[in-house]
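These are the structures in question, set out in turn.
Each of the two complexes below includes subunit A, the first together with subunit B, the second together with subunit C.
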Partner chain A sequence: MEMPFIRSALFIPANNPGMVQTAHLLGSDAIIFDLEDAISLSQKDSARELLNEAFKFFKKDSVVRIVRINPLDSPYFYDDINMVKEFDIDFIMLAKADVESVIALENEIKDTNIKIITLIESASGVLNLKDILSASDLVSGMLFGAEDYSLDMQIERTKQSDEILMARQSIALTCKALNKFSLDTPFTDVEDFEMLNIDTKKAKAYGFTGKACINPRQVRYVNAIFTPTQKEIDYAREVVYAANKAKEDGIGVFSLNGKMVDAPIINRSHLVLENAKKAGVINE
Partner chain B sequence: MNKFDGIKEYQFHDYDIKNNKGKDLNKKLINLNELKNMIDFKDGMTFSFHHHLRNGDGVANIMFDLIKELNLKDITIVASSIFPVHANMVELIKNKNITKVYTAYMSGPVADCISQGYLKDGVYMHSHGARARLIMEKEVNIDVAFIASPCVDQESNINGSEGKSSCGVLGYAYADALMANKVVAVTDNIVNKVADIEIDGNNVDYVIKVEQIGDPKGIVSGTTQITKDPLGLLIAEYAAVVIEHSGLLKDGFSFQTGAGGISLAVADELMKIMQANNIKGSFASGGITGYLVKMLEANLFERLEDVQCFDLEATSSIVRNKNHLKMSASHYANPYDKTNIVKDLDVVILGATEIDLNYNVNVTTASNGVIMGGSGGHSDTAAGAKLAIIVSKLVSSRLSVVKDKVTTITTPGESIDVLVTEYGVAINPKHKELIEKLKKETNLKIRTIEELYEIAISLTNKPQPIKLSDEKVGILEYRDGTLLDYLYKVK
Partner chain C sequence: MIKDSVAGTLESNDVLVEISNNDSGRIINLESPVKDMFEEDILKVVNNVLDEFNIENITINLKDQGALDYAIAARVRTALKRGLK
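Presenting the complex of A and B:
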């Protein structure tokens, strides 16, 4: 499966016409139109209807489209799916995902092109990562929801996020092992960009492929950190050039600047260049 | 016959050959009742006031009360701007006490009243620079200038930056003080000596002390704020990219931006770029905000050229920072003033209520034709700057900013270079090199203005044109006094 290029995924409340209409302009690689937490119980129907009208109007563009639906144990799960599966979207994000709800969702959308992103936001979710990710071939990636996870764990949520370290690393690790993309939990203080930077750098270091944002002003910071740096690009170019030369010369493993280069490093270098291209920082 | 015949011989005389009015405050300090006897107020006179006290101004209302009390008729008002606080003018306009108005900007009840056709001889709207030209070139003769003065000293010198009603600088009032037949300073603060002289006491005829010349809350806002609207921030980011790649952003760079939320966000973006690239500009000008003060203090500009302070940071900086300079409206933007600084601007950031396919901009009327603004320094800076950038949302309140034709031309399209919106950037086709450069060097969505118009119309549909009456209520003059457009009575 080809990984979608999602450095940033921006939550947009589906009941706000102005935001729904202009969300694609805000620079995030993906938009998550939210029918769940951002929408009060009295507005679930109207948000769904608004999204329905908006998708009649939207033209397909380069932004990845995701709709977060309400969980299986809510009264809105099937109503959400019945409408959302008609939309021209890339993913449905399943709140409070577990094996049962993933299978229920798969049954409803298997005749469409829509894939699934699972939202992990409980202790049992973290414990069953592999099973949830493997519950359906439609599952392509995962988002970590640290706020609900912390509530479930009855632990204090802090900006430093030491309390969610194990969960984050488990999610990034499991996704990587199963070739799924992983999106880190959003940073909830929308005025603290310094800590957002630190938090996003941590997510990247753990192996997440991107991060969710809850405010448009967070997008540029998150994009910047998940965009390959010039240093990474330069090194990747060197590796690819040397690898091509080695191939021509019939050499398998070779050294570059005194360090051994083998297939994983070459593959990673190709990925860096591909991502740099998708991010628009290189042309070729 | 000797060619030098006829020249009178020198004799001692004690009159002032420079027509100085003397400086001693004690000889000029009078009350309002005495003023009525000192000046021969009569019908048909021209009075002026400045707008540095903005919507906190109390002095123009003293003048309006005087017109009403004396029942003067056919009075012309020359105001740098008119705000809602000047609502007392409405009654005077309707009663034909005031029959003609010159101004660079107006909003509120007076603007509504004039749009409804009550002003007998009409309104002449111009730019700030044009106002200085009109006065300095004696195209308009002011009989009495009423100058709200935050501080007056014992030599009747005036400045705007001291006292409880401080507004920072009085740049728009200098021309009035120099050229009016009679100058009346109205103050709530008399000191021994002003720290710096903005208006020399020699130009002042009378000083009137009142309890309060204005409401400090309306004079300057606490802090002008950057927009938090994500689309506004996006537009600012795009505008900064345009500037960065324009070739103008280098040592010696000069810049002006307004106090609007998006404009301030551009300044904020620019600050980051200038710091990262170690660029030191020459000057930033115009109405000055805390953001430009911050840039001065970060050593990103050598000086600020300030004609008007917009916030408390600016009024405070102008007192303490020797590189924060006061300037007159004439030095700012008078096209006939050879020292005018707008001609030296590299980049100006401006707003627009409407912009059309020929890049003409309207900041004077709403789309229903009602006056709700005016040029201020818009057409001056656009004409002077090498790059005049309009920043605006393409669609706001379900209306497109791009029109096939603007309701009113405030600034001609030939002086507008770039339009930056959330849907992309349109560049005046005369800048072919810049278009290619930005396409090559940036990820900006470069579109034609026609494409932006099409996008907007696809979102809003094409609105029905609003019909205005044929009755003209005013004109828009360009900086050189030529006719740009008419203002029409609203139905």
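Presenting the complex of A and C:
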């Protein structure tokens, strides 16, 4: 399964026409049109109708379209799916995902081209992530919801996020092992860009492939950190060039600038160049 | 028989739609800052949705805040569905 290129995924309330119609201009790689927490119980129907008309009115462009639906244990799950499965979108994001709800969603959308992103936001969700991600071939990736997770764990959320370290590393590891993309929890202080930078760098270091945003002003910071740096690109080019030459010469493992280079480093270099190309920072 | 119902908001780019039953055909009242330029287009959107629902007798009050066609259609559809529940 080819991984979508999602460095940033911006939440947009699905019942706000002004935000829905300009969302694709805000620079994020993906938009998460939210039918869940951002929509009051009395406006769920209105939000669904607005998205339905919006997706017919605005042709899909390169920005990845995600719709977050309400969880299976809510009265809105099937109403959401019945309308959303007709939308021209890439992913449905399933709130409070577990194995049962993933299978229920799969049964409803298996005849469409829509894939599933699971939202993991509980202790059992983190613990059972491998089973949840494996519950359907339609599952492409996940988003970590640290606010609800912390509530479930009865722990205090801090800006430093030490309290979610193990969950984050476990999630990133599981996703990598199953070849699924992993979106880190949004940073909730929309005025603190210094800590946003630190938090996003941590997420990248743990192995997340992108991060959710809750404010358009967060997008450029997140995109910048998940875009390969010039130093990474230069090194990747050197590795790929040297690897091609070594292959011609019939050499398996070789050394570059005094360091041994083998298959994992070569593969990683290809990935860096591929992501740099998708991010538009290199052409070839 | 359609019940009185409301959809939408008075926020920018939105439209507040109020519907009620009547026996005198389609009565559509529009308030909009762009009424002079787009009244015909807005009424066309509203009438298309009413055609889709086969509704001939209805009063619709629209307080438009610069909504695009898709938003007008969505709010009218929501109001109708709520009114028909």
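The working rule: the second predicted complex is superposed on the first by the 284 of 284 C-alpha atoms of A that agree within 3 Å, B and C clash if a C-alpha of one lies under 4 Å from a C-alpha of the other, contacts with A are read in each partner's own complex, and residues count from 1 in each chain.
The rule is short, and it goes like this: a residue touches a chain if its C-beta (ideal position, glycine included) is under 8 Å from a C-beta of that chain, and two chains touch if they have at least 3 such contacts.
Computed from a predicted model, the values in this text were never measured in an experiment.
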Pick one for A:Arg220: touches subunit B only (first), subunit C only (second), both, or neither.
-> first
Figure out whether A:Leu26 sits in contact with subunit B (first) or subunit C (second), or with both, or with neither.
-> first
Decide which partner touches more residues of subunit A, taking subunit B and subunit C as the two options.
-> C
First, second, both or neither for A:Glu53, with subunit B first and subunit C second = second
With the two complexes superposed on chain A, say which partner A:Gly280 touches: subunit B (first), subunit C (second), both, or neither.
-> first
Could you say whether A:Pro264 touches subunit B, subunit C, both of them, or neither, answering first, second, both or neither?
-> neither
If you stack the two complexes on chain A, which partner ends up touching A:Gly250: first (subunit B), second (subunit C), both, or neither?
-> neither
Is A:Pro75 in contact with subunit B, with subunit C, with both, or with neither (first, second, both, neither)?
-> neither
On subunit A, the footprints of subunit B and subunit C overlap at residues 21
Can you check the complex and tell me which residues of subunit C touch subunit A?
-> 7-8, 11-14, 67-71, 73-75, 77-78, 81-82
Can you list the residues on subunit A that touch subunit B in the complex?
-> 21-22, 25-27, 215-217, 220, 280
Mind listing the subunit A positions that touch subunit C in their complex?
-> 16-18, 21, 45-46, 49-50, 52-54, 56-58
Touching residues (chain side subunit B, partner subunit A) in the complex | 228, 230-231, 233-234, 237, 422-423, 443, 459
